[in-house]
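Below are structures written as structure tokens.
Here subunit A shows up in two complexes: once beside subunit B, once beside subunit C.
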Partner chain A sequence: MSEITSSVLIRPAGAGRWFAVLGNLTHRLGLSAVGLILPLAVLGLWQYAVNHEWVAIQLLPPPELVWQSLRELWDAGDLTRNLAVSLTRIGWSVLIGSSIGWLLGFLMGLSRTARDFLYPSFEVFTQFPVVGWIPILIIFLGIDEGLKIAAISIAVVVPVTVATFKGIVNIPSALLEVAKVYRFSHSQVLLRVVLPAALPALFSGFRQGIMQAWLALVFVELLASSEGIGYLMVWGRQLMQLDLVFVGLLVIGLVGVALDVSLRYLESRLQSWRHAAH
Partner chain B sequence: MAHAATLEIKNLNKQYQVGDKSLPVLEDISLSIKPGEFVSIVGSSGCGKSTLLKLLIGLEDQYQGDILLDGKRIVGTSLERGIVFQEHRLFPWLTVEQNISIGLLNNTELSAEEKTNSIQEHIELVGLKDFANAYPYQLSGGMSQRVAIARALVNRPEVLLLDEPFGALDAFTRAYLQQELQRIWEKEGITMILVTHDVEEAVYLGDRVVVMQPRPGRIKRVIDVNLPRERTRSSAKFTAIKEEVLREFADTPDTVEELTTQTTVNEAPKNSFLTADALCY
Partner chain C sequence: MSLNLKNLRGAVLPLALLLVWYAVTALGLVNTKLIVPPEKVLQVAYKFVMRGNFLESIEASLFRDLSGFLLGSVAGVLLGVLMGLSRWTERFVGPSFNTLKQISLFAWLPLISTWLGTGDAAKILFVALSAFYPVALNTFEGVRGVSKAQLEVARVYAFTYKQLITKLILPSASPQILTGLHLGLIYAWMATIGAEFLLISSGSGLGDTVIKGRAAFNIELIVFGMLTIGLIGAIFNHIATRIERRLLVWRGA
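On to the complex of A and B.
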């Protein structure tokens, strides 16, 4: 009797603990445990499809093969090396792209002259997809690192500029009048009204910028590169080792989620006053 | 500061440019306000009350005529003139205490310690000691408006302008804040100009009630309220003055209803998101 109860009790308790840990983790990530149902179902379907050979194994590698490749690449250091290369590209491009984006956004948001001067050109600029820039960039930058960073930076500039500009333009004039009543200097207006009021927009622009950077990265690495996560995927496709492609997708997805979560965390720390709205 | 000032408005005219048309909003406003006086201004929506306050505070400088404070023409905004807007206009990212301290940000007369003390005093004055560290989203409408009043008072301005400050509040809170305002006015001895479309409020608080009429905004009549304070709203004299003010609206029937119903109907705050022009220097 006591044996039965103990075994009966231990199992759910063990599982319960795991659920609790998992639930806690997802909660911290700002997700609900319910959100895990769909990925798990997809994973199940994937495994099921492989088991029943719905698709040729060369086209749809089984999950354990993907996992195994991931382990091998990790152990050989290939994964970290390629990820480091890609993350460096992303890092520089986000730094350059968002700096330019913030500068443009602030200039156009704060100065009528700058807006009249820059906005028409900027609007035309946004119409070109990153692909369109590449032939021109190749002429000036060759096909080395400079090209990649320039192309990805361009992808970052657009959403960051637009969000920053809109964030500043939409600052309630009521609050700007308050600043005038209390005789704020220009720098006080900037630091104490414009910046806090536009912060949510700045963050959302930055997040969009990072997302665009990933898209552009994969594209650029597919096009001309000998290392990086995107390159890993091209290579895998050419060798018909689709498990490598899946590894690439998985890594990009995970890094993307990790970046997004840490940004969201930073954002909520900087904006405790907005708690009510969330 | 804190000594009250004489405010003189002479032949004030104001137009807004709407498209290519010039829309007259204020026409030949003349009014002389004694130091420490409490003047109420009533009039239906759209008759230019907020515009008048905007001119007096110095947020708008396109006008004809003179606005003189102790004989000197006003130029731009000044810490000697405070305003409480119809909406509280607190910075949502600052706490109650920080919002009030905004009033003293550019005050050069007080030392850092005096500022801290003054902020604490004013938090207590408006009864928000327990909420000093609360954010605006955690406050009720009445509390927010009290913070806005404290922010305007903390500089001890010579003149305080109030633009329908209690319009959005329930009758109970409004009556309470009216009394508070009167107490502060008596204590600080500053000049106050209260815009309202609640006739009872105007008579309750004002030494004089200025009745405005619309299109374009003009002064129709100025009525003295010769009643000792604390005033009783139900007294015969009070009611008589209230009736007298209301009669001024008799020839514009559409406004009478609005004014007699002890209006809690506040204009929805105008969409305050405008083009970035407000920011352009």
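On to the complex of A and C.
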């Protein structure tokens, strides 16, 4: 539909063209504003429900209370402190998990023997949902920081390994043959052929790994933690202060969006860099 | 023969692990309260299957998993097709959908449990939510991926709306939809176990069994429960892969 309207807006010459550009812009802005209708309607309904006391305040806190709690937690530093704890956990786990994942992926991707020995076990390993590991990890590691790092790292290892492995195996054999013709050494093949060719897959695995880490983090913080953004929600739930739970949801959503947007941006930069290099 | 030998290589690692596990416990090299001997896991498993509520808890978990998956994937396919077909639906719902998708799944549980308690209703809703996102997203992408040329041919033949959906859009989007359903199935199982861990209720379930085993420090039961959870996940995965393959045979892929 937009195509039709914009083609109507385009006028042939002079000032008309500027009108067209301006029209097009407002048109586009108007279209993205459509996306705001639903959240605003939900917010309105929420406020209306609170005003007319449809449900108890313990079950549905007023929007302004959520906003107020968010401000208070922010001013008191509670929010940043808990968020910092959570993000540190993510950081360590991503570091550990993706190192193991890349190592495993490269090993299985490059060596037929390693693949024969490791891949069947790895495939079995991936069948276990990450959350399933946690009770057994608690037995061995307690409920301290070690548990969280271990559990989140496991969540990272699986997508990183799978993507790395597939990225390497799917390198066109023609590339490798050219390298053979040029009598590349092992390290040259690795650095000049395998790494650049598998880079998009490596990064995509990394991105998935971070998103999985974010998922596992919230789970483990809800299950066993005394700080972190997930704990903030458990705490609010126990005190029957649902405004804290909403604050937690909001912050988790915001961080999720920020992670997703920045990783997608990096990925697109990586792609354009690769195309420029060719 | 050499092929068989190579296949055997994959068994080396698990067998070695089993052997080490057995050896360290049999020789008393480790605290056997913490690292339980394999034969004790088998004993507990036998007792649990024969006398305990093993089948009952599997049944309870599968019920939650499958009903949540069904609800979530029907909703996901519907929304995906709607967003894929109508630009206005996409503009209207898309931004909210993409934002909500970024909220880590388990963060919904405190809210859901406040509103619905810790019973089956809360768990099934959560499982449905977990299956909904991947199904909706993949369906949307599949429907959006139908080529313009095909749509024009359909227009030339004056397809009705119903024909357009059943004869063109659903068949050509089916690989993506099946991928979404497969992912949804994996997520639903993870969500089932996760919800059973976090929403402790009096009911039975595999996750409940494991988490109660942890409270009682019954490590044998935890190990057995974990293995069962992994096995069921693997069976789901296997079935989904086979169905996907069979349904896509007509594409000659």
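Throughout what follows, the second predicted complex is superposed on the first by the 214 of 278 C-alpha atoms of A that agree within 3 Å, B and C clash if a C-alpha of one lies under 4 Å from a C-alpha of the other, contacts with A are read in each partner's own complex, and residues count from 1 in each chain.
Quick note on the criterion: a residue touches a chain if its C-beta (ideal position, glycine included) is under 8 Å from a C-beta of that chain, and two chains touch if they have at least 3 such contacts.
Values in this document were obtained by computation on a predicted structure and should not be read as measured data.
S.K.: For the three-chain model obtained by superposing on subunit A, do subunit B and subunit C clash or fit?
M.R.: fit
S.K.: For A:239 in the superposed arrangement: first (subunit B), second (subunit C), both or neither?
M.R.: neither
S.K.: Mind working out whether A:138 is in touch with subunit B, subunit C, both or neither, as first, second, both or neither?
M.R.: Touch status of A:138: second partner only.
S.K.: Tell me which partner A:188 touches in the superposition: subunit B (first), subunit C (second), both or neither.
M.R.: So A:188 only meets subunit B here.
S.K.: So, does A:56 touch the first partner subunit B, the second partner subunit C, both, or neither?
M.R.: A:56 contacts neither subunit B nor subunit C.
S.K.: With both structures superposed, pick whichever of subunit B and subunit C touches the larger number of subunit A residues.
M.R.: Comparing touch counts on subunit A for subunit B and subunit C gives C.
S.K.: First (subunit B), second (subunit C), both or neither: which does A:223 touch?
M.R.: The answer is second: A:223 touches subunit C but not subunit B.
S.K.: Let me test your reading of the model: by the given contact rule, A:40 touches which partner, first (subunit B), second (subunit C), both or neither?
M.R.: Neither partner.
S.K.: Please give the nearest C-alpha separation between subunit B and subunit C in the three-chain superposition, to the whole Å.
M.R.: Minimum C-alpha separation, subunit B to subunit C: 12 Å.
S.K.: Which parts of subunit A are in contact with subunit B and also with subunit C?
M.R.: On subunit A, no residue contacts both subunit B in one structure and subunit C in the other.
S.K.: Residue numbers of subunit C touching subunit A in their complex, please.
M.R.: Subunit C reaches subunit A through residues 6, 9-14, 34, 87-88, 91-96, 99-100, 102-111, 113-115, 186, 189-190, 193-194, 197-198, 210-211, 213-214, 217, 219, 222-223, 225-226, 229-231, 233-234, 237.
S.K.: In the complex formed with subunit B, which residues of subunit A make contact?
M.R.: Touching subunit B from subunit A are residues 109-112, 115, 168-178, 180-186, 188-189, 192-194, 196-197, 271-277.
S.K.: Okay, in this complex, where on subunit A does subunit C touch?
M.R.: It comes out as residues 1-2, 31-32, 34-39, 59, 113, 116-121, 124, 127-136, 138-140, 214-215, 217-219, 222-223, 230, 233-234, 236-237, 240, 242, 245-246, 248-249, 252-253, 256-257, 259-260.
S.K.: Show which residues of subunit B lie in contact with subunit A when the two form their complex.
M.R.: 57, 59, 77-79, 82-83, 85, 87, 89, 91-94, 102-103, 105-106, 135-138, 269, 272-281
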